[in-house]
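Order as written gives the chain letters A, B and C; numbering starts at 1 within each chain.
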């Protein structure tokens, strides 16, 4: 049983980690929590739903090859969500740079409410059921049962994290993001366009969140417009757990939270499943605000 | 005959992630003197103020006020014990009036409680009136009485510095720490501040000043300490410090030369 | 018109359009008036901002309102007192809700507006207050309403202190998330602690309070009672704002470091404002319990927290009169625009963004603006 819970935890944890990366990246460059990030993830899930529902209308070569089709779905959902991220920053954060800290927090909250209700009005308040397309047949191995879908999710989340790691460590833009995180003033002095960097950061975070959204939609099979609220908080918990602003921390934190939740729901009580994240969040913030992998300095007021 | 020490530091050190901003500074401030602390940029002067007032707790060493250890105190406790300070980069409460700004400094002297404030008891009214009177006196002292009902954010740079001094004096401190009080001021304003500092000392308050303006430093200081790279390199009367070889080297090395 | 203005305009109308899009399906006819109205409002705002006569008029109004504060407050109170005489029971219930939300918004304004701390789970205090009254007066029938009312406030305050002691040492955005977590935890416990709270079904049969022989059964009587509580809360908050406490809170909001250097114990002042606002939140919750007669966890969702925050933002952060205005607009207006109820939260979200970007001081503005006008009058020839 333990291995089974562990595997389920890792599946969910992968998507928590992907969303958490968005919080951490934005926090790095802006020193702000992007409250609307969870909604981007929710929109990603809805885009995944819309695109997968369109499968019968797709050209034959896509209908024939499931992996290719999924790649297209992930790609399109991620692109559109990147645009959402871009506009989110432009409308809710950019005009308020340098304003008192309370102001962007409230505008981001407004954006979150707006997007949530926007989706509710346009897609309906009822749960949407994903068409069963792939990998629902469980395979059993040594007492642990899993679906091909689960494996796909785990591997793609790891692949996406590797992609992000490459992006921020090996590309020019990634280096600019790291430089801006360390010292925005110096970054501007050496000729980095901080505005561009911030936009790219929001887009990258949204890209990953969209992929996580599609994965979660496929995994649970049904989605709802309130998905982003709880998902957002859990991913934020994961980011804080690993130390906000810390990229590997967000990855570790995501998996850790997924595993804790799966074990907690499996061994204790599943009614309180959603409370674990809140308790972990409060406990970490109160006792170790820098997170597990963070430095213990500037995080306190 | 020298006055007794009021504020002393013993081997005070502050380390920021491997960088020693302050390396074992021991100094003594005597009662009712005007003491200046000078040194090139980055010498650790402001860090010294921060360490003394608890804004940036020292890594090691002691701070004593009237012989009492105040090292582990928080900034508000230090302020209540009688050490007031101004900041190098100004921190007025922009959206409050000048009078309210000074009244914040009077907070620790207020005696009326919450119930009195809600019920508007005579106790509260008298307390408010008394504190407002004192706040207006202080504004008059720094020459801002006329503008008491204006918002602090509409003040000029020089006026803000004056407001900070009035606000710090509102604590009725025994020691006043001024961080670059005349930086960016014209000679007339500088002259005004020099007179002001002398007046403050006349009221029995010990004044410690960080300043780059040598005219001011040499003009009003009783004694001078010189900091460089977080260490004390000289101490003495103004004319002694001006002639001190180590001081001249520190300034020349740092690209500065003391005026005069 | 320069490029920046043009861009602002573009954003503005794009925003309006975005809000209108979902309406297109059902109420195509409404979109045009909304658009024209927005255009007109903006032209009017530009005109009012530049035209000398309008500026003087505005300054005069602000000045005379400030000069005759007692008269203004008296007039508003008189209107509020007279409302139930001419209104239907249904309308009275609506206005009673407005009053409850006004209490909540005033309470939340103490932390958000005065000390500048964003609290996202404020509804948690409301819930604690409501359930304390429900449990004490109905579930176990331990005491009457008049004892339960202060106890509800105190229970919420205790939660505020217990939450505040660890949380208020955190950075602002962390604190916001922790309070959000608090609100959720409260709701989940209310749903699952069946023995105490009745679980998802909540608590039924909470009686309305009585004064000796009088019972406040009639909506009109209860309205007046709630109005009295609101007046008391506003009086207390306004007097605290205009005292050493309010000054210290605002100083902390403006600059925590400088406030500390002036001998203010920042943490204790934060905790004071936090627990005070929790206390009033609990009082409002207690009133809510007796007004409804039954309570369930559904009444205490995150949306409610957002709604209250939106009132504070709309009315003016840090402005007590603004909180009441915000409550009036956000509770009463949707009642009259029933068909738009689906779009309520959508519009609120957009309003929060728009106000932060275009007018962070809210509809009524903060006292800063009034002071600014006074400053200019002083400096003028």
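Criterion: a residue touches a chain if its C-beta (ideal position, glycine included) is under 8 Å from a C-beta of that chain, and two chains touch if they have at least 3 such contacts.
The model shown is predicted, which means the values in this text are computed figures rather than measured ones.
A.B. asks: Which chain has its C-alpha centroid at the greatest distance from the C-alpha centroid of chain B?
C.D. replies: Result for max centroid distance from chain B is chain A.
A.B. asks: Closest chain to the protein CA centroid?
C.D. replies: When every chain is reduced to its C-alpha mean, the one closest to the whole-protein mean is C.
A.B. asks: Averaging only over C-alpha atoms, locate the centres of chain B and chain C and give their separation in whole Å.
C.D. replies: Here chain B and chain C have centroids separated by 41 Å.
A.B. asks: Between chain A and chain C, what is the separation of their C-alpha centroids in Å?
C.D. replies: 32
A.B. asks: For chain A and chain B, let me know how many angstrom lie between their CA-based centres, rounded off.
C.D. replies: 49
A.B. asks: Out of chain B, which residues touch more than one other chain, so two or more?
C.D. replies: Residue numbers touching two or more other chains: none in chain B.
A.B. asks: Taking the complex as given, what residues does chain A use to touch chain C?
C.D. replies: Those in contact with chain C are residues 32-33, 91-92, 95-96, 99-107, 109-118, 121-122, 229, 233, 236, 240, 271-272, 274-275, 278-279, 281-282, 285-286, 289, 299-301.
A.B. asks: Any idea which chain B residues touch chain C in the complex?
C.D. replies: Contact set of chain B toward chain C: 53, 55, 74-76, 79-80, 84-85, 87, 91-97, 100, 103-105, 107-108, 110, 112, 114, 117-118, 120, 124, 128, 149-151, 154, 167-168, 170-171.
A.B. asks: Report the residues of chain C in contact with chain B in the complex, numbered from low to high.
C.D. replies: Contacts found on chain C: 236, 239-240, 243-245, 247-248, 250-251, 254-255, 257-266, 366, 368, 371-372, 374-375, 378.
A.B. asks: In their shared complex, at which residues does chain C touch chain A?
C.D. replies: 11, 15, 22, 112, 116, 118, 120, 166-167, 169-174, 176-178, 180-182, 184-185, 188, 192, 256, 302, 306, 309-310, 313, 317, 342-343, 345-346, 348-353, 356-357, 360
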